[in-house]
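Here chain A shows up in two complexes: once beside chain B, once beside chain C.
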Partner chain A sequence: MSEQAILQVDELKVGVIDGKKKTPIVNGVSFDLKEGETLGIVGESGCGKSMTSLSLMGLLPKGIDYLDGHIHLGELNLESFSKRNWRDIRGKKMSMIFQEPMSSLNPVYPIRKQVREMILSHEKVSQKEADARTLEMLKLVGIPRPDEVMDNYPHQLSGGMRQRVMIALALVNDPQILIADEPTTALDVTIQAQILELMQSLQKRLQMSIILITHDLGVVAEICDRVVVMYAGEIIEEATTKMLFDEPLHPYTKGLLSSLPSIHEEKEYLSSIPGTVPPPGSIVQGCRFKERCPFAHDRCSKDPEMFAHLNGSKVRCWLYGEEETS
Partner chain B sequence: MTTPLLEVKQLKKYFPQLGGVTGRKVLSEVKAVDGVSFTVNRGETLGIVGESGCGKSTMGRTILKLLEPTSGEIFFDGNDITNLSPKEMIKYRKDMQIIFQDPFASLNPRMKVFQIIEEPLINFGVKDKESRKRRVIEVAEQVGLTQAQLNRLPHEFSGGQRQRIGIARALISKPKFIIADEPVSALDVSIQSQVLNLMRDLQKEYDLTYLFISHDLSVIKHFCDRIGVMYLGKMVELTDKNSLYTNPLHPYAQSLLSSLPKSHPDEKKERIVLTGDVPSPSNPPTGCTFHPRCFSCMEVCKNVEPAFIEVEKDHFTSCHLYPNSAELQNKSIEKESVVHV
Partner chain C sequence: MFAYILRRLLHMIFVIFFISLLVFFSIRLTGDPAAVMFGAGEPTAEAIEALNERLGLNEPLYVQYGLFLKGMLMFDFGESFRSGASVATMIFERAGATLALALGGLVVAMLIAFPVGILSAVYRGKFIDFFGRIFSLIGISFPNFWLGIMLILIFSVTLGWLPASGYDGFSSLILPSVTLGLILSGILARLIRSSMLEVLNQQYISTARSKGIKEWKVVIKHAFRNALLPTVTFLGLQLGALLGGTVIIEQVFAWPGIGRLIVDAINQRDYPVIQGGVIFLAMIMVLVNLLVDISYSFIDPRIKAGKAGG
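Take a look at the complex of A and B:
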């Protein structure tokens, strides 16, 4: 793993534009993705993690747009891209796989045609060559009987097989970055283990970086090198995976980790975080977690910055603010 | 010993696949639940775990007779309820309720929360309006809903709160037994723990017995006393939670447990990665249904279906690796002696 960042997200704001009213959903998110690393973006539903990932691919839904900030992919400034520019990037430099493989594959075309289309839209090769590459790719992602599966339709495959096809489709043009949005959430645990193992081995082989969006801290522990934790549209903690589990800093991260039931411990009640996430667009002054936070304090009505902590993590919480000032 | 609250014997639920020219010919049958037997004792929580399509939800619904069983017997509180008509079932429904997985789909969007929670009482013939109201308010308070919230519609609530409404509706008739069908899998972790804690509180308060269906092994471990593992419509292992997690016997249970994600990045894990997918329940493999994916498959597994037997005390499994309890005991004695040497 090298230290060079291949993707930089800088103070990115994405939101709903309704006439003159702008409601940010992703509110000033910054992070780097280094070469060859797996970065996890963790958070609960509605925290803006999926919007962040869609904005990286230029796939924001209608009515939602970039408000501010930058996304740098090498020399390129992605947030100002036109449709045409995006088409050259997607699938070639960056690829994405989604949660539900059934709804992201075209049900009326056989696998062969869908992968072929992906290859031909970026390269001028013969159909024969494209088919050969498809076959090779299907083998690589561990599909049994790949020559038969080539001519299958998505509905003939199981969930795990479909997700493998999605991965093959995403990786066929050898992208630098793979964005995986909850890739295993719809799958059973035994299949999830297979897919995570596959992603890890492919990453080593193909030397790519992965951004993994998930709500499942177990999956993070499994394959991520570094993690950013999102809450209500903001990044509230950034740490290496080991640090996040050994020494979580933000009260939200702590609460999240301790509310997970564990196989190894026996306790009657789980600790839980009271209350619910504030809805996007609700005007919260200062820290967005303060309503649910056991350590809330007067100063929390001011917006905390991302403070650097001694253990190398960064955290958006006033509890860790003194170290810098004093 | 008192009679168990629920006893299920050789329960089967087959769904016919119709076809042919008239559309009435039975082409094949999907064996969603195929001969499951177990008991649930008073006050305990029995967990049912398995992957999607293993028949765990169908089993839950069949026990409540929301689906008509194909064969087998269901005893509730000592009474045979297998062949009761829907009308005769009403008097038992008061005592057996269900909480559904999807809190978005299981609440009528046009009814106010008050009406949703009150409806079962009307069905069970509580005529007095005032006492119904008192009871609704009492239950709502117990699950953490305020009185003001009772006049709202379901869409105004978050997932966790909707699940509380679903729980209140199940509790209103003061049941003895609740089937919770994946009650927390649609919820975020921080909300999931709130709901699990609530369910535990209510269990104490109402002296409830739960049948807790989930695919999440860590939630099951946390919440249940005994656990049954299902695969392709069959129960493959049934034991108390500690023996299951420390000493799983069936190869499927072993691989299921080993595929759990780590709880810490440093954790070392021996993982048994299963090859292949779950076969279709309309055409299950012969013999042991797990044999095509099993890592210790023997010749006998391909043809002979293993019986569901007690191989250790209160530890049931169906696998040819454990022919009978006597041999297993010999085995464990051998093991021990090896340790001592």
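Take a look at the complex of A and C:
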């Protein structure tokens, strides 16, 4: 892993405009992705993590009205891209796999055709060559009898197999970045572990960076190098995976971690964070977590910055506001 | 697949058998053909008796029905009471005209409805969608005979571009096909729009976009291909309905189709022609349905014709 950032996201804002009111869904998100690293984006549903990943691919759904901020992929300024530019990036430099392996492959085409389309839309090679590469890729993702699976339709494969095919599809053009949006959520626990392992080994082999979007801290602990925790459209903590688990800073992160079951202590009840995530646009000023925060005080009605902490993490909470100066 | 088709054909024989029962006995409840055939005059009882004897209507019903069934096996529906011509020949002479009109209507409907439906779905809520939906509504609401007459007035009477009626070459097919197709395209465009909207929300459409392929390929290759299935069901049913149900259009354009043949035969109590015509249409309908079901397995690989049940 080198320290070179291949993707830089700076003050990304995504949202809808209702009349004159801007309702942000992603509100000023900034992070770097380094070469060869796995970055986790963690948060509850509705915190903006999927919107963040979709804006990286230029795939924001209809109904999203604005995208501000900067996305740099190497020398490229993605936020100013035209449709054509985007097409060259997608599936070539960045690929994406989705949550639902059952529905993320087109039911009416055999696997061969779906992967071939991916190759041929970026490279001028013969069909035969494309098919050879598909076969090789299917082998690489650990699909048994790959030559048979080439001509199978998605409905003939299990969920785990389909997710393997999706990974093969995403990686066939050797992208720099793989964005995985909850890639294991819909799978059985044993299959989850296999898929995570596969992603890790492929990452080493193909030297790519991974952005893993998940709400599952177990998955984060398994494969991520660094984590950003999102809450209500903002990043509230950024840390190495080790630091996040050893010394969580933000009250929300602490809450998340203490709600995990542990094998070391027996808890009768798992603790939970009271309240719910505020809907987008409902908080205009101040810390977005203050309503649910046990440590909330007067300062929290002002927007907290990202404070750097001594342990190397960054946290958006006034509790750590003084440490810079002390 | 083969066993499935065989099973369906067996099925078809039962359907045709029941329809033959229904048509045979129901027309015999509608009145005496001999009385109608003599028209205004006051026929003697002997004359009616003689006519019934000649037409075979004096036999007991079960004998008549048996003869009808026996003939049907050989595709022989007897002779018309009125003209004495072979009913099978009459049907075949007109089947071509009916088929041409039905297919013409379908082609026109598809040519209009596919682009309208697809564009409506892709530009949902935009002007083009608004236009498409208005178009669909108009298509659905227009009475088809009125549209037919308007088209005749404009393109035949006023402009003189196309023949107003008859069955004579391609140019005479245009106006009735357009009339049928316009009406049908309203419903078809709506159907395509709604199934496209459903498909466009699917995850595999996002996958397709994430591959970096052109948007029109996403729409046509990935979305429309999947939206086709409900459309084919609908078109299959419509084709069946068009073959028998274009009587009004045939009347407006003086089109020599089977619909008109049957209506005329009913007015004249021409039993063999009615029976033959109805059985023929039923056969076509059942066959078209079979073809539609078989075509599913080509359009959607998840459906294996053999397992779909019959």
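Going forward, the second predicted complex is superposed on the first by the 317 of 326 C-alpha atoms of A that agree within 3 Å, B and C clash if a C-alpha of one lies under 4 Å from a C-alpha of the other, contacts with A are read in each partner's own complex, and residues count from 1 in each chain.
The rule is simple: a residue touches a chain if its C-beta (ideal position, glycine included) is under 8 Å from a C-beta of that chain, and two chains touch if they have at least 3 such contacts.
Source: prediction; values computed, not measured.
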- In the overlay, answer first, second, both or neither for which of chain B and chain C A:103 touches. second
- Broader residue contact with chain A after superposition on the shared chain, chain B or chain C: B
- Query: Which of the two partners, first being chain B and second being chain C, lies in contact with A:122: first, second, both, or neither?
  - Reply: second
- Message: Just to be sure I read the superposition right, which of the two partners does A:35 touch: chain B = first, chain C = second, or both, or neither?
- Response: neither
- Tell me which partner A:291 touches in the superposition: chain B (first), chain C (second), both or neither. neither
- Item | chain B versus chain C as contact partner of A:153, first or second or both or neither | second
- Message: Just to be sure I read the superposition right, which of the two partners does A:10 touch: chain B = first, chain C = second, or both, or neither?
- Response: neither
- Touch check for A:65: first (chain B), second (chain C), both, or neither? neither
- Could you give the residue numbers on chain A that contact chain B in one complex and chain C in the other? none
- Message: Give the list of chain A residues in touch with chain C in this complex.
- Response: 57, 59, 62, 83, 86-92, 95-96, 98-100, 103-108, 110, 117-118, 121-122, 153, 155, 166, 169-170
- Message: Applying the document's contact rule, which stretches of chain C touch chain A when the two form their complex?
- Response: 124, 202-204, 206-215, 222, 225-226, 299-302
- Note on the structure: Per the touch rule above, chain B residues touching chain A in the complex are 51-52, 158-161, 188-194, 196-197, 200, 215, 217-219, 221-223, 245, 255-256, 259-267, 271, 273-274, 276-278
- Could you pull out which chain A residues touch chain B in their complex? 44-45, 144, 158, 160-161, 188-194, 196-197, 215-219, 221-222, 241-242, 245, 255-256, 259-264, 267-274, 276
